[in-house]
Amino acid sequence: MVIVMGPGATREHIDALVDLVTSAGGEAYVTRGVSRTIIGLVGDVRQFETLDLRAMPGVSDVLRISVPYKLVSSENQPGRSTVSVGGVPIGGDNMTVIAGPCAVETPDQTLESAHMARAAGASLLRGGAYKPRTSPYAFQGLGETGLKILADVRAETGLPIVTEVVDAADVDLVAGYADMLQIGTRNMQNFALLQAAGEAGRPVLLKRGMNATIEEWLMAAEYIAQRGNLDIVLCERGIRTFEKATRNTLDISAVPVAQSLSHLPVIVDPSHSGGKRELVLPLSRSAIAVGADGVIVDVHPTPETALCDGPQALVGEDIPQLAEAAATLSPLVGRTLTAAPEPVGAGV
Amino acid sequence: MVIVMGPGATREHIDALVDLVTSAGGEAYVTRGVSRTIIGLVGDVRQFETLDLRAMPGVSDVLRISVPYKLVSSENQPGRSTVSVGGVPIGGDNMTVIAGPCAVETPDQTLESAHMARAAGASLLRGGAYKPRTSPYAFQGLGETGLKILADVRAETGLPIVTEVVDAADVDLVAGYADMLQIGTRNMQNFALLQAAGEAGRPVLLKRGMNATIEEWLMAAEYIAQRGNLDIVLCERGIRTFEKATRNTLDISAVPVAQSLSHLPVIVDPSHSGGKRELVLPLSRSAIAVGADGVIVDVHPTPETALCDGPQALVGEDIPQLAEAAATLSPLVGRTLTAAPEPVGAGV
Amino acid sequence: MVIVMGPGATREHIDALVDLVTSAGGEAYVTRGVSRTIIGLVGDVRQFETLDLRAMPGVSDVLRISVPYKLVSSENQPGRSTVSVGGVPIGGDNMTVIAGPCAVETPDQTLESAHMARAAGASLLRGGAYKPRTSPYAFQGLGETGLKILADVRAETGLPIVTEVVDAADVDLVAGYADMLQIGTRNMQNFALLQAAGEAGRPVLLKRGMNATIEEWLMAAEYIAQRGNLDIVLCERGIRTFEKATRNTLDISAVPVAQSLSHLPVIVDPSHSGGKRELVLPLSRSAIAVGADGVIVDVHPTPETALCDGPQALVGEDIPQLAEAAATLSPLVGRTLTAAPEPVGAGV
Amino acid sequence: MVIVMGPGATREHIDALVDLVTSAGGEAYVTRGVSRTIIGLVGDVRQFETLDLRAMPGVSDVLRISVPYKLVSSENQPGRSTVSVGGVPIGGDNMTVIAGPCAVETPDQTLESAHMARAAGASLLRGGAYKPRTSPYAFQGLGETGLKILADVRAETGLPIVTEVVDAADVDLVAGYADMLQIGTRNMQNFALLQAAGEAGRPVLLKRGMNATIEEWLMAAEYIAQRGNLDIVLCERGIRTFEKATRNTLDISAVPVAQSLSHLPVIVDPSHSGGKRELVLPLSRSAIAVGADGVIVDVHPTPETALCDGPQALVGEDIPQLAEAAATLSPLVGRTLTAAPEPVGAGV
């Protein structure tokens, strides 16, 4: 940590800071420049942060130098993590496709979507039973009924389930059905939810807040990790910018950046970032090529009647094209497309 | 609602849309332009939204024309609302100042802050017992202990309490102490929390999400209103932009814009938007002059030891200056500074 | 300047940096922390910048500590500047209103607008003869014909002229007519234009780029100052954000921030930031209250036929309201509304 | 074009609009909805735009439906364009790599960079002789001396030259040396420069403004096209967002979006968007996979002494890796890597 003094800082200001840091158990090294003096701090950063150094007289700025997260940092675990979701790996040398409907609507629609997901190269099934919607007048999801549908479809298809939870009070219920809990973009800083998810004994898919910096995203992951759960997969899903031609702006650079800062796997959601069907395949290819650990895409048998986000769901010819892109691109970036588990009894 | 057809739309595409709208109980009027055809829809917009018109063949765009919120819209209530918080009005011709510490730390610090708040012209006391913090390693608030401190300080000073709630599970507990529930910027789209707050029987201070459009902010208010609670005050607190010289960018224009779209009062938080003490007074003046219904500011007796956001807390000479600014500027925009209630027994 | 070494930096990396800095005539002070080492540099920052320290092995980050501009910095001139435009002051304790049509269209329209400007409290006339337009199909201005109209109106009304120049090649021509050269938001980093304006012998109104940080804005001013012209007035006119309810987001905080970083006067353009007539008066009040040195607003006798930006032009009852707001609010922030010069011969 | 009337619009307001549109030679079709009336306009949109319909009484909004550009629109030319740069194609089924130093510094550095460019798979050489720099104290380029160096290197290596021009006054000079004129991000709306480039008889590489919408980018291209030059290549180079982990946020989705709106080729600059060497290869792969028509990357023989943007220049092992990525990924998206021309006399 470095304290930058203002041009008008006095010797007394500097001495007061050195005393404060020393009394907190740290060491302070003063460098007097031509126009500014800087003070380098050595010791426990978190302790310094409680000192509110920025409010001391003469201080112009306080620069944090080490990262504010620990458990999820690549500094604390050099190798890259692999997270197992119902036996399906995400991370390492794998390229994992997750697919399914935005929302669970009916058993048939969900089952049909699961078959589409598998055909698209997916080894995990996504589908929302609890939907956070901007409008209170929009479809809010089937709740536990939807979870039961997902469980039935898993039994039939063998695909483990990724599904969203939106309230800390629901975490245990959802964890009773799901193989992986998804925390959505609007809840990335719902700290009660993060903590509950950290204790639920399930891997967590943590979407980046649409307005969150990469650092804040990793801090949110740290909330989960702190509760003892390091089975976290990060998901870039687009950020909010001035550009309105797409629903959000996919921050493709966030994939390599987050992978360098953290050991956690990082996947991409091309469906919610682009918001348009015709962008999903190019963005999926882009995500695989940039080195993402996976993609999560919306599919729907009849997008024109979907209760949620139909315009971005893949359908028809899109499905084999996604499978082919995943299969052919993955080896070029040193990865192998994860195979889907067989249904129980499939081999009998 | 208007459907814009693409350049390649056929007669069959248009007929299919007219049929779909008609079968949903609406009316469709077709206008053929030189390069595009548009279809104007008459009927219940929310019903049309379930049709997913955007996914129909030939459609290029679907333009919503009426606003997606109803209860909080100025179209549905022409006059401006006044919300009463423990007897203190916000809205109408009032200019209401809310002040207090960012976080409740100790009884003394809270009481002293309350005296500062009153001296600054405030008629309501703010103070956080539950703090949503970006870092899991930062001070998270005193919880119910903090609420009890606030209640004690209210008893002594007469100032009603505004305090934040961060989890739907805590709403009833917090509502048992607070005169007004605050929903913070990170929770603006925590829909479970919004709904719980809508049923708690307390006025709600709804901060704008730092990445939320004004429309999304009003939709969030609609979630509260839908549960029967129209005692909502909107709070502009800065949005996230590329500019990093301030903590956030105060969107001062959002005040008149939100006041024209909604009948709800709109106040401004100059402390959290600017993030620096020296900006709080100029931004407070700016907020009053633009026509805000109030301001909410941080004060602290010893900012340099504050556990949260010390650098932005007003102190010392700032206090009478805020009081004077509020008193002298308010009449120039047709408002009267709200008087603080006397402590119970004060008149005896 | 501070160099932050990465966690894997070796002793050799550090020694190489110390040698490099020393050989460039600077001094380097090394502070070894628990997880990181930092190196504080003392000497000429601009020289260090040519070293590309960031590319040296082991370096994680390089933090600049002093500001990158000099002539326009408040560190180099403690008092606040006053700029004289044809005898009318901007800065100091003055509140200066500039008003006029967005574009010069006809002699009558310009003269009538000038009378409106004076009635609105303005002491300077704005009006564009060269218009940078997003669309090549939009009205691009009258060019020199427009400049002559402005000069005629100045002769009749006594109001000095502020007008835009969009190409370095036109600077001398425009400076032959104008009392102040305006550089628009799209040209804030047109460095050839900045340099030409710096040599033209006229004060310059430098609008902030809609995507420019405050620091970049001051760097652009430094380009002008470097050519010997310190008669620069900064103009905040809104930045581009995700919010689309207004044309741009007026960054009201930029006024006190820029005033603290630089000695140059800072004014606000509420017309182009809001983009809507009904926002201009509230935003003007807000600008005066925040402490701006002036405002620049669009007026037009018949906005519905304006060739440019009619929807944001003040008209009718807006005019006396702006004058009243400027007259009554200015004293509350320690300023006096600048009086308009009389026409030549007016006293005869 | 569609006019949306406000809730309080009267019959007279509507009649006045119909009359106005009719008198301008258009047709107006009125649809009365439950809460709003809309008016569909048929005729020449550009004529309607001069009417300032938005300023008419009763009008709430005016929605443009067709795109505001014509010559560069995919509606006006269905097939995709191929632009020839000194015989090297960009567009069609080609994947074209452009590489070279950010700035031309010396003959040796430029020649060495050209050899690196060829080894990286490039068929065109980039290099700046005129550098627009945020700071007036930074290296501004060698000017015509730099152009001569580029021409010498072209003679020796056979690689056609892409170089930036920053002032309309320099266009003819630069066009005398360059095979393609580059217009940089800060000049995307320097309309004088766009028009001069449109008349220079050279293909133009138009970088997207870091704050420009895709629509504004295409409008800027339209300025060039209007002067008779349709040999334009669009270059996405990152936009400015709140995220500061990268220099800019590469808007990878802009590639397929711009390709669907316009027939012009679209390439990507991964060096200036990411701003860090380690991001250039992943982002290049991402750009090729998303379907870009090319990439433009910085290379430098000794990045640690580069006068401009050294930290993002490829060097050493990066070079063959880029070549391999371009060669192996291109076929997967239906493209062929463009071969570099041989030096004149190479075959002798």
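Chains: A, B, C and D, in written order; residue numbering restarts at 1 for each.
By definition in this document, a contact is a pair of C-beta atoms (placed from the backbone, for glycine too) under 8 Å apart; a residue touches a chain by one contact, two chains touch by 3 or more.
Here's who's who by UniProt: A, B, C, D = 3-deoxy-7-phosphoheptulonate synthase.
The shown structure was predicted, so the numbers you read here are calculated from the model rather than taken from an experiment.
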| item | value |
| --- | --- |
| Common touching chains of subunit C and subunit A | B, D |
| Centroid comparison with subunit D (C-alpha atoms), farthest chain | B |
| Chain centre separation in whole Å, for subunit C relative to subunit B (CA means) | 31 |
| Whole-Å separation of chain centres (CA-atom averages), subunit A against subunit B | 27 |
| For subunit D, residues contacting two or more additional chains | 211, 240-242, 244 |
| Residues of subunit C defined as touching subunit D within the complex | 46, 49-50, 52, 54-56, 68-69, 132-139, 166-169, 186-187, 189-192, 209-211, 216, 219, 222-223, 226, 240, 303-307, 310-311 |
| For the subunit B and subunit D complex, residues of the former touching the latter | 2, 4, 7, 29, 31-36, 38, 40-44, 61, 63, 65-66, 75, 240-242, 244 |
| Residues of subunit B defined as touching subunit C within the complex | 211, 213-215, 239, 241-246, 249-257, 260, 273-274, 278-279, 282-283, 285-291, 325, 328-329, 332-333 |
